[in-house]
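What follows is a pair of complexes built around chain A, which joins chain B in one and chain C in the other.
Up next is the complex of A and B:
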């Protein structure tokens, strides 16, 4: 159909090999993050061209969170999710591995899976012409047998488009559309030290309980991502009402923890904690959970050491770049899927230790519902902040004004023996500055060598390279 | 426990009419409750409409194949509300705080209740009540959220009138098309 103009064409027949997009370089966008002066240009939150560049540079390259292993335990178990704006099916294979495919029929493009989730499926059939795919993504058959007599039809080469790479870290499944991306382990780097606070504080590992809640918020995806990467500052003001309702008083970090609190950043992933043991867990409102976390914290010292054991239920938050976040202690895990520059789809899950008693799992399910679901007493007050931080930039003059990311500029703590860029205190914009620095590295770099060796790379790694 | 009080169970396909006086009284009760919620009179709602044994449940709705035995929702899985009196009271305490920013300035509410069917149960003081609703919230200049759905209530008749002892709320949305739920249904 496209004659000789198509490179790598199939000699007059469709060439159905998967196409993985190539990265470009957008230095003019990268410069909108002014690291020198700790300010960010508001076009990051409103500009359609920048948003399209994000889909190409970030969401088509970074490892993105897909699912927890526990959501699809058996062969044929599947769920639908997104990578950026791309609709994706995640499905457990007969050999126990997990594969993920674009949810789009190679024939006319229609979705082949219309549901959120399902169990023990044998495959996916497109509603349009009946093309039928196995859980391995391969075309099994077509309706009406017309193709069976068409000798030119090369059924064997037709599959749902698989992701380029898929892997998991301690129960969390991630994938990327970039064949050249480094391994998931390299993408996370030493940040796994902090992920283990939640993923490896108990020998039995973790699971998601109670399914997912989805909602739309009319905000740019980076506002919630930066909020969880290191903005505990907002909790005092935004969440005063929720804290008073559940605790009888405002949010209190406790001054005796000032010396312990820190922010850590690796490749733009950020973790901040107050190390106060149970500050986050207390806000779920169930004393049994606080007891459980105190005990867990003591037992986990052997596995994690004393610092991380204190972080399990502490006032704290985390974002894995670009859009996967969680709150230790409150056990809400979530993805902020981009839906245009001014909209997200938020998906929220609850994580528990597999070995936790059933009544503890049930209290976490209810506790997350009461706090960090759309009707929860904390999440209730977040959405409007992010919506108006986004929407005001419709104003032509408004969006020329810089945004201030200058809290804690001189707070670097290079001597503290923890992985990543460490800053003193949790009330700090440090992780957010490094999140946007990582964003600008993705905009600028068209290759992973540069991406993994920039400013956001863990300083310990840079020190090794210099030696 | 009577089946009608079991939160995970739908009412049987009931058609047990009550006397017109009781039916009228329960309709008046539902309309008064909606008026209290429109006026954000949450404390009064809690104190005059809600039974001490309340179980108030609004599950998350999933899109599943018709042949999926799990169905659209399941008790014990994700829910917007799965509240007893303790949880409802916590939510009301937040509304009562002046720093509840998502409610300050105030949201304008309209709770429209229709399709009311009042049924008798095996307990003469318990009534199984179906209704449908349109819940409209509008705030600031032009932020508007509209949610439609159905409710299955059990009302208990006591010395001081009727009280809500069980409510199942089923909305028609899969992805919640709102940034929050600063209301009751």
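Up next is the complex of A and C:
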């Protein structure tokens, strides 16, 4: 507390500038992903030291999904979410911009916002001593009777800690705690080509409909993230009975699978699809939605070209590294918030086109509830798998055994005119290998120059590919 | 009564702070044309009311969001222990605002 001239009275004053942590380098953790032999060490899913390194290397640096613009349309509208384990308030400003702050009072650290969401907030008052912050995060006041009599108190420099950078892509708001992080556009790179399948298939853009569904799953956050990044394989086994119940038949990737299906990866973000147009949408169980997507796909061809128009409702999935995922066609969007090495908090929303008819929006909302909510027919299948994939690693001997990520090792398709690393067939571990390679890059690198120029960076010749 | 300011200095829907020699700072607000004058000190925790705003005919303290009705001073959304707001009497004479201030208010 004392400066050099300290005479014992404590003359130093608190320096309340935001502190953005520095990255380190953990080569010993990076090596646990064995890219050469397509295997992953199970300590990634159980080790507390690795988990703490993930919070520092990944969640304190990567751009993380916060909210859809449609959730906070007016000044003062806010919601509470997480970036890693950091509690964050996202709030619309009077000038229309969006800002985000740590949900922690700089005085004694208590949460200043206790609710999940609210409209037209005037500000946030800490429950502990009444410190009050505007929607711009600045300290508005405390208790004038006490603090105004303290001439040393410097109110002006005290704010809720803002995120280092915040930006949005076609309605989706992201933020990072790293001042040195590249722009959101650079972080996503040419992967936006695939995001547009959902975010830009119709004029008027998108919105989240209904509320959010929150649940806890006792699994490591990477199991669901890698599942959505490129694991359609599990559907044939895990989801077979659910698919039969809704569709009257099993999962089928279609007669044109060999010709059309692919996996694409950019900086660890991954998208897999069989391009069958409506396979995912069908699983929601409403024929009206299938008709809607067929019609949409035809209209979207002009905006997106034929490949992406076919992907809108197809059997497909996507993860934006590290923990934001969605299913095209089923329209469930979700974040797998880490809560320790063996637990996640899952938050799920339903995305629809703003211009879709109201009854179509309602069918999506209901369809997602019945399939991808805690009681949903598919979510239950997945949750139990991920829980046991995690829990077994409490076994000391079990966690010494490697995990196999070797499907499709020779399936690279560098000539296909699509952005990113392309592999043939959606039944493939390719995107998962690249997801863990990206994880490994984050563990190893303490700087963004290396991070943006490693193995997972998009191949140059494909970077500008468009239809 | 003493002269506080020009009437035009207090726009509709705003709160403006003025310092008058010999008195604690005062705040002036205009609602539906009428001017109100009160201590620039929230009766709850002494924070400045001119840092707040006018909303639906009420002065809102920008710190803990107590709301005081312009006219009666009745408090709404009251933090524990917050009394009503009291006003000074004032007049708008030929474009100048005059008020009856009290010492130590």
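Criterion: the second predicted complex is superposed on the first by the 448 of 467 C-alpha atoms of A that agree within 3 Å, B and C clash if a C-alpha of one lies under 4 Å from a C-alpha of the other, contacts with A are read in each partner's own complex, and residues count from 1 in each chain.
In this section, a residue touches a chain if its C-beta (ideal position, glycine included) is under 8 Å from a C-beta of that chain, and two chains touch if they have at least 3 such contacts.
All figures in this text were calculated on a predicted structure; none of them were measured in a lab.
Of the two partner chains, chain C is the only one that A:125 touches; chain B does not reach it. Of the two partner chains, chain B is the only one touched by A:214; chain C is not. In the superposed model, A:242 makes contact with chain B only, not with chain C.
Legend: residue contacts after superposition of the two complexes on their common chain; A:285 is shown touching chain B, with no touch to chain C. Once the two complexes are overlaid on the shared chain, A:76 sits clear of chain B and of chain C alike.
By the touch criterion defined above, A:143 reaches chain C but does not reach chain B. By the document's definition of touching, neither partner reaches A:190: not chain B, not chain C. Contacts of chain A with chain B, set against its contacts with chain C after fitting on chain A, share not one residue. Interface of chain A with chain C (complex): residues 122-123, 125, 130, 132, 134, 140-145, 148. The touching residues of chain C, counted against chain A in their complex, run 41-42, 45-48, 51, 60, 62-65, 79.
Note for the complex: chain B touches chain A at residues 60, 62-65, 68, 70, 74, 76-82, 87, 90-91, 93-94, 96-102, 174-182. Chain contact summary for the complex, chain A toward chain B: residues 114-119, 210-218, 237-238, 240-242, 244-246, 285, 345, 350, 362, 365-366, 369-370, 373-375, 377, 379-381, 383-385, 387.
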